[in-house]
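After this come two complexes, each holding subunit A, first together with subunit B and then together with subunit C.
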Partner chain A sequence: MSILGTRVVRTEDPQFLTRGAVYTDDLTDERLTGALHATFVRSQVAHAKILSVDTEAAKQAPGVVAVYTAADLTDLPPLAPPFPFIAAEFERQWLCTDTVRFVGDAIAVVLTEERYQGEDAAEQVVVDLDVLPAVVGTANAAKDETILFPAAGTNVLAAFGEPAPADFFDGCEVVVEQAVVNQRVAPVPLETRATSAVWGEDGRVTVWCTNQGAQQAKGQIAEWLGLDASLVHLITPDVGGGFGAKIGADPEYALVAHLAKLSGRPVRWTESRSENLTTMLHGRGQDQVVKIGGTRDGKVLAYSLVTDQDGGAYPRIGVVLPTLTMLMTPGTYAFPKVHAQARALATNTTPIGAYRGAGRPEATAAVERAMDLFAAEIGMDPAQVRRINLVPKFDEPHTTLMGATYDSGDYVAALDKALEASGYAELRAEQQARRERGDARQLGIGISTYVEITGADNGAGTGEEAELEVHPDGTATVLTGTSPHGQGHATTWAMLASDQLGIPVEKITVLHGDTDRIPKGGGTMGSRSLQQGGAAVHQAAVELVEVAKKRAAERLEANPDDLIVDLGSASLQVKGTPGVSVSFAELAAEEALMVQTTFTAAAATFPFGAHVAVVETDVESGKATVVRIVTVDDAGTIINPLLAEGQRHGGIAQGVAQALLEEVLYDEDGNPQTSTLADYPFISATELPSFELVEMATPTPMNPLGAKGIGEAGTIGSTPAVQSAVIDSVAHLGVRHVDMPATSMRVWKAVQAAQAGAQHQNGSTN
Partner chain B sequence: MIPSPFDYVRVSSVDEAVAALAEHGEDAKILAGGHSLLPIMKLRLAIPSVLIDISGISELNYVRVEGDQVAIGAGTRHHDLENSEVAKAEVPLLPHVASRVGDPQVRHRGTLGGTVAHCDPASDLPTALLALGGSVVLAGPNGRREVPITEFFLGFFETAMEEGELIVELRVPRTGDAGWAYEKFTRRENDWPIVSAAVAHLPGGRIGVALANMGGVVLKATAVEAALAEGKSIEEAAALAAEGTSPSSDMHADAEYRSHLARLLTRRALTVAAGEAEASTAESTAAA
Partner chain C sequence: MQVSMTVNGQQRTDEVEPRMLLAHHLRDNLGLTATNIGCDSTSCGACTVIVDGLSVKSCTVLALQAEGSQVTTLEGLAGEDGELHPVQAAFQSEHGLQCGFCTSGMVMASVGVLAANPNPTDREVREGLEGNLCRCTGYHNIVQAVLKAAEAGPVAGQVPQTQEVSA
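What follows is the complex of A and B.
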């Protein structure tokens, strides 16, 4: 029996749970001996002209070695825009010279002997500011009354698509329109951002930093600093979570490397939690308008999604998130007409980047909201409306009106499985009974179906590298260009090699994240790792067996085609003659036994699924408690169910968090209101039920493993399911919509407003 | 997230603590569990020059019956109060409320005296103490004095403690198995309450009611107490819960919603304390 598909326990966990992982801030590398500590002086005001920066007092503070402002960085080239289509006027500076654009914008850097001295000294930097009006929220940005980059003449960073034609909803019996907020959230990795840098006598800089892909981070740092890529050696230590916000490098990492050169000493930087919550990339941040039309018997005829993406103060990945949202606009549905349009706007807030799902959850949340509103309007069960409009089962690729080509799917089956596992009919009966009794605790049932993109071409193709070497002692090493930060690649990649070679998982070491050893790699993001990096390891193992067969054939005086792998002994033997064999280790002892390979996926894959969430809402207070979550998450063939379930668990939890709790808030002056974990409510186990995971696996033809991505699916499905459940719990009181996070106050106010509206209506008819 | 530099003094008796306070003056702060003080120091909202650590004073950790009162040492940790057999038998509201503070880590470090001295308007245990009545025993340069709890919490992070004083004991009436309830309304289980209501049936037949986070300081719901004393129904009395309060509007709740919660939670707490059936806010039954 193959090891694939079995619940191999994570081999990396004993070290994480006992010795402790070595994160960037824990490094004791001797090259970092005597390192200085960097502390950023950051703007406390969202939008202002800088009149002066006085560093004299800070330079006299205890332990201060240097204080740098933009005036000291004349050697550095300007930071390039993140995408070629972004106008050069939206320029971000290494350190601000004349304008600060969000609370947290960097103005100066203090280098001190001890880290504790840094914050004391940073307080001594005197920044004189002339405060400007702050732009908070896309609606304000769109007015262009206050413009963040006056040279650009507008706050619109990028625009995509055209308005819907005037006759778009002609022929619809029912049309529903709703403004929907997909709120800004913070990624909150347990490990905040951190980096260390030291220059060698050979003129190369070694950079350690927490990231989701060493090779990409290295390329960015080299480009930003104007260095030949060969001069940068980037090492990724253990990484404590990323969720998309650690894709690539941040300018701080490159600047710290540059300051190591200027100061002639190694330099380290680890941000504080508040610094993380205010200056690391945020996610989501879309203001959407959904409009849906169809017939009274449940057939949707046209659907439109118009999105304003909050880009934050400077363009980052956030500006292209709406293009993914647009691509996935129709989701799982076969709407005859689909329209999408979007723009990204600059605001005086933290820049927006990728966050678990990155553009696809926003599309799913919008269309699922629209389906519920449509169902409510025509008085049909939301499950039935979905069933009527889902794309039917397909085995050949299905291309949508937005141009996405779904690889394989059976959305109706996914929905039916989720409904059946949830006991949907009984839940509706229980809900009805509670409504009739007028219980204090009402039941809400929310349904979502989703399809998303994983392993998409992010500009670097759909390929991944792997190197596999068997050693004479019977162990093996896998080098991968993917970049685990919690996913469990050490276990799964070892399983993939073991499956071909028979070498036990515990004898296979998986290495990643050192650009001198692994120069090429795509990192871990967009749920790509298994379908590309894992497939590359599989391919490497298959190729290694072929190499070994050729060499074994000579040694055993047999035809290579007559050799088979004996997994039990990790050896090759002559078919039918088990006594004539040679192990991989013995072959490695003769001559290095190693292959390097690149696997290139034919295209992205499209995992899909359906979630059913059940909440109980205390109608008097408005507080909703999630009591059940039933999910079908079809990610194709599963290599390790234990790890796949872990990905689903984490994803579901983060999705529930967005639906019920999390939101990054600013006041009207752009001051962050959620800059500590006392204020920013990430979710904990106490707020969650045990998850009910239903199995479904539709293999993809895009890679030999049949695997699709699983990292983001849970988040994408659970967010709208829980939001819908909350709304459904008070739907009988007249509520049609509550924005996320569906806090108790929001729910209570929605009920009050609906009841007042109903009374008003009753009053006017009397 | 790094505090300003400070000096640190560890004392092993109340007398040493009082002497240290006298020596270091108004820039000194008492450190007990540190779960309120250290976070605000890290945010540099508090910049004491000296911390006087009283966590080693074993004489401040006790729960014992003294006459018709229960005396609790100021250094008693929430976890110890939560698990005190004396407290559970004599004044069960307090150990229950202690069990609702923060998370296990906080409860193993935080102390009763610390949370009272800190005087956060959203604090659980001060609300319960206010509902119970009783007093705060302070030690200072002029010896000990006792302040009624109703006169102790003066305003936003402001108490009746004078310079040079520290809390050494809390005294509450023995309520035994009389009715009590604590309705705490949070986003997440380990959060501060958005609003909470504490109710205690007291010796002599009075009912004490107090609210958290309905103003700059924990409050007695005096209108509710008076209505109950006049024999009004729970429904009628609870409707008065927001009277005399000045709830803030912040990102968690606006004043209107806080007022609503005060009435709702007070009604529920009064009902539960009266032994009548009403679903507590904290409970949740599983769906079909």
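What follows is the complex of A and C.
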């Protein structure tokens, strides 16, 4: 029996559970002996002109070695916008020169001998500011009354698509329109950002940082600092979570490396959580308008999604996320007409980047909300409306009106499985009974179906490399350009090699995140790793067996085609003659047994599924509690169910968190209101039930493993299911819509408004 | 100032600033980096250790306050022969950790939960771990791990260096 598909426990766990992993702040590399601690002086005001920065007092503070401001960095060119279609005027200074644009914008850096001295000294830096009006929210940004980058002349960072034609909804019996907020959230990996840097006598800089892809971060740092890439050695040690927010280098990492050069000492930086919550990239942050039209018997004829993406103070990945939202606009549905348009706007807030799902959850939340509104308008069960409009099962790729080519899918089956596992009919009956009794705790049932894009860079031709070497002692080493930070690649990649070679998983070491040893790699993001990096390891193992067969054939005086792998002994045998064999280790002892290969997936894959969420809402207080979540998440062939389930669990929880609790808030002056974990309502164990996972696996033809991505699916499905369940729990009281997060206050207000008859009827009926 | 405490069974005496947090003392002075720091508001629990039988957040205790105390960190939880503590073993078998950053605190807090309640329900485990945040697992397998560890009996709520632990 193959090891693939079995529940192998993680080989990395014994160390994590006894000595702890080694994160960037844990490093004891001798090159970091005597390292200085960097502390950033950051703006406490969202938008202001800088009149002066006085560092004299700070320079006299205990332990201070140096204090740097923009004046010390004139040899570094400003940070250009990350995409060529963004106007060059939206450039960013390493340290602010004349303007601060969000609370947290970096103004100065203090280097001290000891950690605690940095905070003391940073407080001694005196910054004189002339406060400007702050732009908070996309609606304010769009007015262009206050412009963050006057030279650009507008707050619009980028615009995508055209308005819908005037006749777009002609012929629809029913049209419903709704403004929908997909709120800004904080990724909050438990490990905050951290980096260390030291320059060697050879003129090379070694940078350690917590990141989702060493190679990409290295390239960015080299480019920013104007260094030849060969001069940067970047290492990602164990990484304490990423969730998209650790994709690519942050300016702080490059700046710390630069200051290590200026100061002539190694430098370390580990941000505090409050610094993290105000300066690490946030996620989501879309203001959407959904409009859906169709017939009274449930057929959707046209759907439009218009999105304003909050980009934050400086353009980062967030600017392009609406393009993924647009691509996935119709989701699982076969709408005859689809329209999407978006723009990204600069605001005086923390820049926006990727967060688990990154653009796709926003598309799913929008279309699922639209489907519920449409169902409510025509008085049809939301499951039935979905079934009528789902793309039917397909085995050949299905290309949508937005140009996405779905690889394989059976959305109706996923929905049916989720409904059946949840006991949907019984739930509806229970809900009806509670409504009739007027119970204080009302039941809400939310359904979502989703399809998302994973391995979006598949087909771009870059591929992913793997190196596999068997050693004479019978162990093996895998080198991968993917970059685990909780996903368990050390175990799964070992399983993929073991599956071909028979070398036990515990004898296979997986290395990653060191650009000197692994110069090329795409990192771990966008649920790409297994279908690219994993597939590359599989391919390397297959190729290594072929190399070994040729060499064994000579040694055994047999035809290579007559040799088979005996997994039990990790050897090659002559078919039918088990006594004539040679192990991979013996071959490695003769001559290095190593393969380096590149796997290039033909195209992206599209995992899909359906979620049913059940909430109980206390109608008096508005508090909604998730009591059940039933999920079907079809990610193709599963290599390690234990780890795949773990990915689903984490994703589901983050979706519930966005639907019910979490939101980054600013006041109208741009002051963060959620800058500590005491204020930011990070979801805890008490706010979640255990999850009910239903299996479904439709393999993809895009890689030999049949695997699609599983990292983000849980989040994409659960967010709208939970939001929908909350609204459903009070729908009988006249509530049509509640924005996320559906907090007690929001739900209570919606109920009060509905009961007062003041609920705005946002929909219109033709 | 000088501070003395027994950490994982070893007597340690060090010079510390009066304001130094126990978490930083363990990490920076004693090199016990399994204890992680994930916030600055006593919210995340990544720094949870056991002090004189109580699971506490070491970011909220001054090193000086632990004078004369018995402190157990994750590094001191396994047996001398390397045998995993029942909570450690269950976290592995139930896949109760992913990135690992919350794990040290989560394991130590779980020992505290089981000390106070050797046979908890799913809900009781969740309430016991409310002060420990995890972004990766959705808590599902952490809860399963604690329930699994409870099957080992009272030893799951004990640490090698102290006789009694309570939540």
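One rule holds in what follows: the second predicted complex is superposed on the first by the 752 of 766 C-alpha atoms of A that agree within 3 Å, B and C clash if a C-alpha of one lies under 4 Å from a C-alpha of the other, contacts with A are read in each partner's own complex, and residues count from 1 in each chain.
Please note the rule applied: a residue touches a chain if its C-beta (ideal position, glycine included) is under 8 Å from a C-beta of that chain, and two chains touch if they have at least 3 such contacts.
Everything numeric here is computed off the predicted structure, so don't read it as measured data.
**Student:** After lining both complexes up on subunit A, report clash or fit for subunit B versus subunit C.
**Tutor:** On the shared subunit A, the partners fit.
**Student:** Let me test your reading of the model: by the given contact rule, A:Gln183 touches which partner, first (subunit B), second (subunit C), both or neither?
**Tutor:** Once the two structures are laid over each other on A, A:Gln183 reaches no partner at all.
**Student:** A:Arg273 in the overlay: touching subunit B, subunit C, both, or neither? Say first, second, both or neither.
**Tutor:** both
**Student:** In the overlaid three-chain picture, which partner chain does A:Leu642 touch, first (subunit B) or second (subunit C), both, or neither?
**Tutor:** In the superposition, A:Leu642 touches subunit C alone.
**Student:** Could you look at A:Asp238 and tell me whether it touches subunit B, subunit C, both or neither (first, second, both, neither)?
**Tutor:** Only subunit C; A:Asp238 stays clear of subunit B.
**Student:** First (subunit B), second (subunit C), both or neither: which does A:Gln288 touch?
**Tutor:** Neither: A:Gln288 stays clear of subunit B and subunit C.
**Student:** According to the contact criterion defined above, which of subunit B and subunit C contacts more residues of subunit A?
**Tutor:** Result: the larger residue contact count on subunit A belongs to C.
**Student:** Taking C-alpha centres, what angle do subunit B and subunit C open up at subunit A, rounded to the nearest 10 degrees?
**Tutor:** Result: 40 degrees at the vertex subunit A.
**Student:** Determine, under the contact definition given at the top, whether A:Thr329 touches first (subunit B), second (subunit C), both, or neither.
**Tutor:** It touches nothing on subunit B or subunit C.
**Student:** Who does A:Ala678 touch here: subunit B (first), subunit C (second), both, or neither?
**Tutor:** After superposing on A, A:Ala678 lies in contact with both subunit B and subunit C.
**Student:** Contacts for A:Gln539 in the overlay, against subunit B (first) and subunit C (second): which applies, first, second, both or neither?
**Tutor:** Neither partner.
**Student:** Go through the superposed model and pick first if A:Trp748 touches only subunit B, second if only subunit C, both, or neither.
**Tutor:** first
**Student:** Which value, in Å, gives the least CA distance between subunit B and subunit C in the superposed three-chain arrangement?
**Tutor:** Taking the overlay as described at the top, subunit B lies 5 Å from subunit C at its nearest C-alpha.
**Student:** Name the residues of subunit A shared by its contacts with subunit B and its contacts with subunit C.
**Tutor:** Comparing the two interfaces on subunit A, one with subunit B and one with subunit C, the shared residues are 115-116, 272-274, 676, 678, 684, 686.
**Student:** So in the complex, the part of subunit A that touches subunit C is made up of which residues?
**Tutor:** 9-10, 12-14, 16-23, 25-26, 28, 115-116, 187-192, 238-241, 243, 272-274, 485-488, 642-643, 645-646, 649-654, 676-678, 682, 684-686, 688, 690-691, 714
**Student:** Note which residues of subunit C are touching subunit A in the complex, please.
**Tutor:** 17, 19-20, 24, 27-28, 31, 33-44, 46, 74-75, 77-78, 82, 84, 88, 91-93, 95, 97-104, 107, 122, 125-127, 129-144
**Student:** For a test of understanding, state which residues of subunit B touch subunit A in their complex under the given definition.
**Tutor:** 1-2, 4-5, 39, 43, 185, 187-192, 194, 251-254, 257, 260-261, 264, 279, 281, 284-288
**Student:** Over in the complex, which subunit A residues touch subunit B? Could you list them?
**Tutor:** Residues in contact with subunit B: 115-116, 118-120, 272-275, 423, 426-427, 429-430, 440-441, 443, 614, 616, 618, 620-621, 623, 625, 627-628, 661, 665, 673-674, 676, 678-679, 681, 683-684, 686-687, 743-745, 748-749.
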